[in-house]
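The data blocks that follow each hold one structure.
Okay, so subunit A shows up in both of these, paired with subunit B first and subunit C after.
The block that comes next holds the complex of A and B.
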């Protein structure tokens, strides 16, 4: 517990600082409403749930750019089923299944072709969105009923589902064999293979989990706004990656954890909220988040280099460039 | 340049160098003097301060106090570029090549011959070919470095350092990865360079045999202090070791017990393309079979095929006389065969993971029930094994990259002990490990034998093969060419078998090559 706290200490301190600044400059933000807003924004959009999936993906070194499209596709699938008066829990399960299927597709493509994950999931990002368009364009999908809508309305539903997503991923990563294997193969795939870890099977599993999480996120948001629409989740994968990385999970695989992701998401959602309270234009949100992302990765990078050279005899930090890892370059 | 060593001025002098790291005094007022045209060996255990001293000289580390003189002048070396400007060249243990470029480009990186502002490729490749030939490195200068083995890459590095005009060349365990023939060639070149150009060498090595062969003087470091500088001819071998480890010399190789009659591993007619050619071998329980041979003879390939790491075309493998068909390392481990790779740094351990996690990876299936890892059992096992193998680390949460080479190798061994395999394949088990570390590794191997494990030891260190195996198998071009019983062969016998016939080039061109450098 103490160790975990130390790991998230940096981002946590950043988050506290952000709120100190907000409260100092904007008295209006000094109530529960402000915090409730941030929590609702991060959980109600399904973004946090998606980030949970992205955490396991990045730790396992399986970059997934298709989550935004899976989000749109599942929204359409669930919307169609509900409009056709399917029993809502069944529709939810089928929606999750659709997400799993998308993830398995990603994993199988990566494993079978051996092409870089960046390219593979960029391809499926386009393909999944195409499928979503095919099924959902021009179709009215709204008014799904109170029971389904509870999943996304207010704070309780989204918070509950986010907690489930968080605990699931946390459990997998820190307690199960699969979790150990994900860290191992994200750290060094060849070492993992030599240790008898079924690296390829795990890649498929990782993408599947990531797909399911994107699907769950889509369901929450669809319930929240009470209609489904094909154009959802554009660029959302970038927000998911940013949340994970700002929290302190490595882009390079093998290092990280899902508790850090909570902080990561809250950091940029808090910045958004703060900028609004301080009457800045919405465009500044993007600038600020971009800056935070760069600073977060830079801090992580410097720390790692420092810890690597702390002892004599250890000369170099990881000489792995970002582009190598995502598969561009040699 | 004077052709005889000038004893009054030193080409490099380091005075009272102090360097502390948090918790460690790495260098405690070290003095070091290098004469022109000498080969000065730097000896010491891992952690004695050799690498730190060299890194101070190269500008990688800043000293806390002390000064460095080059040709009698106090100089400030605070960046690697400063060191280069002073004519100091360094070849490190770790490879530093641009892997995406070919050999010739690497050799002349940053100083490519140009014509009209463009790289003159013709001259580039011609000169690269010339230098490679000089060191009997039989490689195509157009080959991309990433396709070379570790050994071949090392050779390219050495060739690269020798292409520039150097006043001082620092070699950090250069021959560790070289086979005998290349080593002899390298020594010939070193002698030529020091004689004709007065180049001084600082030579760091673990191989005591070659200290006398190549060195003029030796400085011995222990725990960050200089415990003495001697003319090598005045220093007895045992005395040298004693100074290094600061105590009595203990016996390095354990006695090996007689193995049992049961077969641990039987391999029949393994073939793989042109790499492995009908290899047959048997390992008894409690037996070490040493496989040796030149680089590229197929040792590593044999080990990897047996363990399921690489596929093979035909042949049969039996563990405890049960036929197995390993198609992946996962199969190999399940069937009781583990392969411990040579390249510890990139294949043995995940450097930024903890000892505990690294230990767990091959044993995850044993350590978990219903997919949940029993972590208290894992922690208990880690504590136990770290004590048993005396891994020097505060606890199991220490990161692998914070360990010395010897301790890393112990963790690699620990990790495979945990997997509880009946056959262990050690690929170069003690390369780059100091004398104490080696003894500990051998001790662990002996203990494994007592538990009835069969060991296949792939090694290019002939002494190790002779001393640490019950039987020695010599490979050449993917096939087994000779098997010796323990005590039957001498190093020269092994070498003769490994080379086969002596290649014409090595004989006729060695003197010429050395002359061409001068």
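The block that comes next holds the complex of A and C.
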């Protein structure tokens, strides 16, 4: 517990500082509605839930660029089923299954072909969106009923589902063998493999979990707005990565946690809302988030390099292999 | 790392606070199409009895409005016995659209119809088309180039004016209006935004302009943040259907429908439902079926040596509770 608090202390302080600045400059934001808005947008858009999945993916060094398209695809699948008057819990389960299937597809492609995760999930990003278009373009999918609506409206439903997503990922990462193995193979896949960890199986599982979380996020947002639409989730994978990395989870694998992701997403959404509260253009949100993201990755990279150089016999081979895996290394 | 992150976060935010220009911000508006539309064009296309192939590239395959327009165009082409090649990309990305159109250009179609994602990227393509004597027609979004043989679009600025007038009327000209645009420089979104802004400013209202990038999640985030921080917010304009319906639902969830009117554009099924339910105040109907059909007819006319009206601006029709049912 103490260790986890230590891990999130820095980003948490950053979040507090952001709010101090907002409250100092925008007195109108000094009430619950302003905070409630940030919580609602973090949870109701499905971003936090998607970020939970992205957390385990990045820790396991399994970059997933297809989550935005899974978000669109699941929105269409659930929308079509609900329009066909399917019992909503069943539609939700099938939607989650569709997300899992997309994730398994990602995992199998990565494991079987050995191509970099960046390229593999870039390919499936296009493919999943194409499938979503095929099924959903031009189709009206709306008015899903009050029970389904509750999953996304206001704060309680999205908060509950976000809490479930958080606890699930937290439990997997901190209380299961899989979680231990995800950290190990994210740190160094080759060493993990030599240690007997079923790296390939775990990659498929990681992508499956990431797909399910993207699906759950899509379901929450579909419920929030009460209609489904194929043109959703474009660029959302970048928001998800930003939320996770700003929280302090490493882009290079092996380090991080879902507790940090809570703070990361709140920082992301607070910067966005804060700039609106201060009456600045939404463009500045992109600039500010981009700047914070770059610095977060840079600091992490520098810290790793310093840590590696302090260990005798440790070379930069690990880092090289990580960059190679995403197709950037030489 | 944490200390650095904290420091940078604060610096970035503070930096933005001190250097940014407070909104409202004057939008960068692409050249709007002149409302005087009677110019006719005599294209220099050789009249031929050879089979006609019309290539079409719309905004994206996943956009409902564009889907209907594309289907109408395809149906008209089939009815007229010409080949219709749809090269619309799945994503609304201007580079992807440009690549698709340029690829199709190498196949030497008889004419190309473009519904631009970004109307400023077509310079080289138009030069190549001109060299190959292939007419280019624009639909929904104007392309500022004299070679464009015909443009059919909704009078976006005029439709924005209609919404602006309605906002002034419904609010008595008092309060702040959140006017969302699409992406900066997108001709249709900018024209809609400008149309609304001109009218609300004229009637003395405060304009809070932002851009939602045609993305409903961003629209909702901006709208809810504005609700929390602008006490006299009385209306929100969203320039596209998905965003308008999503914002209407978000405003209703916050119990603010009575205080804040939501105004949209396109009038999709979800918007019509919201208007009838009273959560959205009004939207604009665009006659996309007619646009798709007419632009194909124009292409055929040009290829057969005829003349067409160079610019046709179709007036938008306001949809509100009184007439929404007729559009369902």
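In the analysis below, the second predicted complex is superposed on the first by the 304 of 330 C-alpha atoms of A that agree within 3 Å, B and C clash if a C-alpha of one lies under 4 Å from a C-alpha of the other, contacts with A are read in each partner's own complex, and residues count from 1 in each chain.
Keep this in mind: a contact is a pair of C-beta atoms (placed from the backbone, for glycine too) under 8 Å apart; a residue touches a chain by one contact, two chains touch by 3 or more.
It should be emphasised that the depicted structure is a prediction, and the values quoted were computed from it without experimental measurement.
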First, second, both or neither for A:281, with subunit B first and subunit C second: second
First (subunit B), second (subunit C), both or neither touched by A:229: second
Touching partner for A:196 - first (subunit B), second (subunit C), both, neither: first
Contacts of A:176 with subunit B and subunit C, given as first, second, both or neither: first
Touching partner for A:188 - first (subunit B), second (subunit C), both, neither: first
More subunit A residues in contact - subunit B or subunit C: C
Contacts of A:299 with subunit B and subunit C, given as first, second, both or neither: second
First, second, both or neither for A:254, with subunit B first and subunit C second: first
Subunit A residues touching subunit B - in the complex, by the definition given at the top: 3, 175-181, 183-184, 187-188, 190-198, 254-255, 304, 307-308, 310-316, 318, 329-330
Complex contacts: residues of subunit B adjacent to subunit A: 21-22, 24, 26, 46-47, 51-52, 55, 60, 92, 94, 99-100, 146, 309, 328-330, 332-334, 339, 341, 346-353, 357, 360-362, 364-365, 367-368, 371-373, 375, 397, 399, 401-402, 404-405, 415, 419
List of subunit C residues in touch with subunit A within their complex: 1-6, 8-10, 12-14, 16-17, 20-23, 25, 60-64, 67-68, 71, 90-92, 184, 208, 210-213, 215-218, 220-222, 224-231, 242, 245-246, 249-250, 253, 268-270, 273
Subunit A residues within the subunit C interface of the complex: 9-11, 13-14, 17-18, 21, 25-26, 28-29, 33-34, 36-37, 40-41, 44-45, 47, 72, 126, 129-130, 132-133, 136-138, 140, 142-143, 153-154, 221, 224-227, 229-232, 234-236, 246, 248, 267, 269, 271-284, 287-288, 291-292, 295-296, 299-300, 303
